[in-house]
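Each chain gets a letter, A, B, C, D and E, in the order it is written, and its residues are counted from 1.
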Amino acid sequence: MRNKAMLIVAAFVIAAASLPLFAGPYFLSVFNTIFVYMSLALTWDIMLRTGQLSYGTAGLFGLGAYASALLVAKAGLNPLVSIAAGGAFAGLLAFFLGFGVLRLRKIYFSITTLALTTVFSVIIRNLPRLTGGASGTVLPRALFNGDPGKNYWMIYCLALAVIAISVWLSKSKTHYAINAIRNDEITARSSGIDVFKYLLFIFVLTSTIQGVIGAFYAQQYAFVQPEATFSMNFLLLPLAMALVGGVYSTIGPVVGAVLLGLVSEYLKLIMPYGHLIVYGIIIVLVVLFMPQGITRAFAKLFTRKMQVGGVDSASLRD
Amino acid sequence: MLEVKNLDVAYGRIQVIWNLSLNIGNNEVVGVFGPNGAGKSTLINAIVGVVKAKSGEITFDGVPIHNQETHTIARGGIVVVPQNRELFPAMTVKENLRLGAAYIPHARAKMDETIEYVYSLFPILKEREKQLAGTMSGGQQRMLVIGRALMSRPKMLILDEPSLGLQPSLVTEMFQILNRIKQDDMVILLAEQNVRQGLKVIDRGYVMENGRIAMEGSIEELSEDEHIRRAYLGV
Amino acid sequence: MPVLETRGLEKRFGGLLAVRDLSFSASRGEILGIIGPNGAGKTTVINLVAGIFPETSGQIYFKGQEINKLSTHERNHLGIARTFQSVRPLDHFTALENVMIGALFGQGMHLAEAREYAYEICDLIGLKNVDRSIDNLTVLDLKKIEIGRALASKPDLLFLDELMAGLNADETAEMIEVVRELQRRQLTIIVVEHIMAVVRELTQRCIVLDGGAIIAEGSYEEVAKQERVIEAYLGKEE
Amino acid sequence: MLAAASKKQYLFIALLVIAAIVIGFWEPHALIYGIQRGSLYAVIALPLALILGILGVLNLAHGEFLTVGMYATFVLFSRFGVDPMLSTVPVTLLLAVVGVAVYLLTIKHVLKAGHLSQLLITFGISLVISELIKSIYTTQPRGVFTTYSYSSTTLAGIRFGTYEFLYLLIAVAVLVGLQLFLKKTRLGQATFAVGQNPRGASIVGINVSFVYLFVFGLSIAIVGLASVFMVPRVSIFPGAGTPYTMKSFALTAMAGLGNLNGILLAGIALGIFEAVVNAIPGGSGWSDVVFFGVLILVIMTRAIREGRR
Amino acid sequence: MKKISLASVLLLIAALMLSSVSLAAEPIKFGAVNPLGDITGFQTTRAMELAVKEINEAGGLLGRPVELIVVDDEMRPEIGAAAIDRLATVDNVDFFVGGMGSGVHLAQVPALKKYEKITVWMGAASHQVEIAMGPDADWYFHLHPWDYQQGASYGQGWTDIANAHPEIGASRIFLAYEEGAFGTDSYLAYLDLYEAAKDGEGPYGQILNDFAGASFTSALLGGGDYRAMLRQAMDFDPDLFIWAGYDADAVPMVAQAMELGFEPPLFVGAPPGWPANFGDNPLSDGVILYGMWAPALKEVSEISNHFWNEYIKMHGHEPATYFAPLGYTNIMFLAEAIKAAGTLEKDAVIEALRTIEYESPIGAVLKIEPSNIISNQGFTSQKILQYIDGEQHVIWPFEYATSEIKYPFGR
């Protein structure tokens, strides 16, 4: 059973990796975007596993994008190195911010991370000498000169890495710590869990990934601009994807990103005008009829067991 | 007065109550005993509509109530004193009491009268009338919630482990008060672990085990049963 | 040297002085009872020693070291573990995994190691079917999980908060055996308990709290005779 | 949910008054604009806080309901020539009906499903509403122009618009109305009780699901009321209400959950802050930083203070 | 019921086959990427459909029909970029047309460079796009004036107007700009123009003496309170007040100015579009606007008139923004060039695009010239328009003027 599942996963991994060999740039482009959002959805979900609902993905995404773009534009750094640097910058900033925001819980954490996103973008907009201000900064050339296959492989590898991190986390000691924290912080503390340390670790980890993805995005399209780079889409769409797929799991955000990504492209094909209405209705219907996400709804259909990835339905009600 | 017939209750796929039947007549005080996890609270929750029965029938004065919602059942005259109190912590003692009557049409008219009655049962509540419910001790909260239940002038009072977590002196006091309430012709369903105290109040009792009725009997029968004694009486 | 010692411990919540000038100690291998009427401040004492919230004044020494400034998890690492009055098992985890938490973070074990250790602990306290979800467990099993998790962090000092509440006679007897077994392992145990039979049975020494202060100290038999205790506990004779 | 103004709130009011006097001398317009805009933020935030406090639902479609109200007022004006002031009753009622309908179709079914499902469903609703409006009215802004909404008066040599003081009036009216409702009426007490303990409420005979329905309908109606009074002063377009969701969320968080009075205070305080920054030449670009900076500061200090306790 | 629908499907297929017989040749494909949810992109697409319809009714191009394939960019950069990939590789279009926002277009630049297909782009005014595109893209044609060109063009306009009307001056200019890219870029462009004007150079050299600016948050992005900014403008007391924001700012801006008693002699708005029925608002009278086109142009230009009438006939609503005639121009210009080239061969079409002149419904002749960076820039000048009695009128350039300027602004 387990082997079979591994085989299926391996087949998926290989098939996805070989996509550039037979698919055209358009499909690569669509999947490229899906992987960008998938990575963000996973990081958002990983943070959620600690019980903290972050509204800050767009902010750290944007910071990573800016750090990377400015390092290339102003310091002539190699774009690939700059992507790592973008992540490092976002991670470092998250590390310092963490000492403040990670004291907060529930909506206070959420609103503060959201507010930070705005604060980042306004500061960047108001430092025109450094950042290009409101009109942004254009890079001399796009990553891999816009080669769709190479860009695809790059984001595919990044997304795979994020998936691997997510899977690894769910099998590691950290999994026990963050699940315990989400369940009951007092119990977690009393059992010897250094709550702040784990929160900080996850916050820095997810922020770093968000920064890397943002940096890749900036390099791929060769520009940064406050409105585009700090767009709320980089918060709301990953959030919707993770929730539609099913939270507290790796498979949920992955499936959610692929499904919503493909659905929105397909809807656009069949109805050029008003397709976003249908998209919204689909989201509403998913919540109404599969409140635990698509993956769990399907798992329920196919197995008698209610549990997917160690999470049962009741636990989603917190 | 209350009749439960072939009740099955399940949480998801996990069945907690199995084919359970019991009845309570007019002017009766009936006990339901059993260890923790026997299903006493679930039975009560099913009667007052907090959980829905999977199958079976519950009638009150001949009217089926198993499909009614909690608030309708409450208005119909069954009021529960839940185990975990369920007070309104940000309201004063008096406001909590008034809320007990405010949404029950027949009780609302007699609110002032009833409140005096409750104060006579629990003088401490009158003393603490203006205190916020959330700041009172566990024992006082327990009294408040019984008082609140009485405010609705129920036809039947259901008490879920009223002695739980109380210090011994209060437990004794609690059962004395229950006896007074009983003397005012209240029909009571009392769920208790503490059989010894419970037996002092009831007319008749059931013993639950693993979601089923294990035995039914008079006070004498219950206190004499060797099995019950060993398993539940704490002797 | 006592395992735990408090000196002049005080805790104020707003206008309420929940614990006042509390000095007591517990020595190795002892089972100390903390008793007193509802609202006497018993659980607050546990929370103060465990570091759930900071004291208003006073010192806490654990194995000779002042621990006032340490956070909850650091105190746990030093060897202070506890159970909770109302059971707080961690959902999404099996019983075993709940116990593992203590080993993983209290002792810093690796996963495999912690799993082995958790099995041992479960064996010790008689917890069965440990690989199932905790959804339908009995109160006894949930309480055992509480103990198991606390034990797995290999404490020197274990607080048991109302361990027997909600258990029937058989279960209580079983639990008493578990605690006795722990005592044999040289653990210092502080029990907060309402059920006097249990206190009498288990403890060598009791402190009686009322209104946040110690009103009596000694063996259960001794304190139970004192008029002040009876009054505080059972109310004044009318 | 709503203890009477606490000591801390009086202190805050006193501070606010002092700050207001100082600012009033230095830059009277900033004070006026701040109070006017801050009150508007507060009227819109109050219903969000109500839904969050009683139902526990964070309504991401909050701003979209505001937009619906604006378009309703616009349609009444452009089709039937109804002055916005006269639209108050019909639009408020209409929004109540819309609120009830949305509640029955969607929210009702996710109340037990946890806040994440609620978040997603309200996001979906916001998408549907705004895209629907786009497809009917396009993105081209509409407007309802009335002269009275831009009339001004001069007092002590300071010329200022008078219409927006209506926002303050409405904010106070809505707040007082809500407080009276919650304290003095049976339904209000039921609402208050449900906010604290839904199960306890059902035990005392309160129809909890009706209270939820009522609170959602009432809140959306208040949103409708706010939208009517905004219409003469704003452009109406599909995204017109959207930014207010975040602002309302911010005010609710700043006031602290369940603190209705605090929302008006926080609204006015933030409004004044914003206006002061805007009044500084070159400051306008930073006003968002001030708004959210103050918000973060307040939340952090409270967290740190509570952490110490 | 089922039978009927089956029959109708068969009929439809038959009709399709017949139509493909009548236009036997493979169509020439124009691929457009427009924001269909936005009024600009929506009307642009409608206008493009009109142009394609007219071309096909006239027999197509090179004996082949023209097919327009439009993809929505949802105003999201990555979606806009993927749309280019889709048009290039799935739909195999021959040419790229369309486009609005600079943010989306910047993300499309790498994809466009990848395919190097002839691209005639109508929107995206930010000079950042020009920087990103670079000087070597000879296949890239940009129709919309760049932000700096717009500024320069208006300088010319005010100079002309001041020369024609001695009572009108624009020596003190105050610019209110929204905080986003659009407004900020305008401000930066004005700062450059002002620097040059200090030395008596550049388009404002003859007229501008003093300049100041202040930013505001556009109502589109949650702002809408302009009073603090307007008070700064009032203190500056400009001859010419310009605001660079969005359509949503128009009414509240002019109304709040009235509330404050701010009545500059020239009150100018420079948003990309205007609200519906702005002319019906009594406050609109005398408001000057910057733009490329006004419905009133139909009075002076035949092609404008033609476009106006045909658009309404086809779609049942009036064109509301200049993007509609620009979209029409976008298609027609490319079609004219293909016709002139007589082939789809890339170099020949590029050459034709560079040489032909197209009389556009915008009210100007479209002719390609180099700009600061790129070699193929279309329009470089804008128009100064004014709301007079509820109608948009052209007041400059004088050759397209539909009315005299109404001066001063105010009541």
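Operating definition for what follows: a residue touches a chain if its C-beta (ideal position, glycine included) is under 8 Å from a C-beta of that chain, and two chains touch if they have at least 3 such contacts.
Given the structure is predicted, the values throughout are model-derived calculations rather than measurements.
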{"item": "Identity of the chain that, by mean CA position, is farthest from chain C", "value": "E"}
{"item": "Chain whose mean Cα position lies farthest from chain B", "value": "E"}
{"item": "Rounded Å distance, chain B centre to chain C centre (Cα mean)", "value": "31"}
{"item": "Centroid distance [mean C-alpha coordinates] between chain E and chain B, Å", "value": "75"}
{"item": "Separation of mean Cα positions, chain D and chain C [Å, integer]", "value": "48"}
{"item": "Averaged-CA centre spacing for the pair chain C and chain A, given as whole angstrom", "value": "42"}
{"item": "Touching two or more other chains - residues of chain E", "value": "37, 42, 179"}
{"item": "Residue list for chain D, restricted to those that touch at least two other chains", "value": "131, 246, 285, 288"}
{"item": "Sites on chain A at which at least two other chains make contact", "value": "125, 273, 276"}
{"item": "Touching residues (chain side chain C, partner chain A) in the complex", "value": "50-52, 71-74, 76-77, 81-82, 84, 88, 90-93, 97, 100-102, 104-107, 110-111, 133, 135, 149-150, 153"}
{"item": "Complex contacts: residues of chain A adjacent to chain D", "value": "48, 53, 100, 103-104, 107-108, 111-112, 114-116, 118-119, 122-123, 125-126, 236, 239-240, 243-244, 247, 273-274, 276-277, 279-284, 286-288, 291, 316-318"}
{"item": "Complex contacts: residues of chain D adjacent to chain E", "value": "29-30, 33, 37, 131, 134, 138-143, 145, 149-152, 159, 161, 233-235, 237, 239-240, 242-244, 246-247, 275, 278-279, 281-282, 284-285, 287-288"}
{"item": "Contact footprint of chain A on chain D as seen in their complex", "value": "52, 58, 106, 109-110, 112-117, 119-121, 123-128, 131-132, 135, 246, 249-250, 252-253, 257, 285-286, 288-289, 292-293, 295-296, 299-300, 303-304, 307"}
{"item": "Residue ranges of chain A touching chain C (in the complex, touch as defined)", "value": "172-173, 176-177, 179-180, 183-184, 186-195, 248, 307, 310-312, 314-315"}
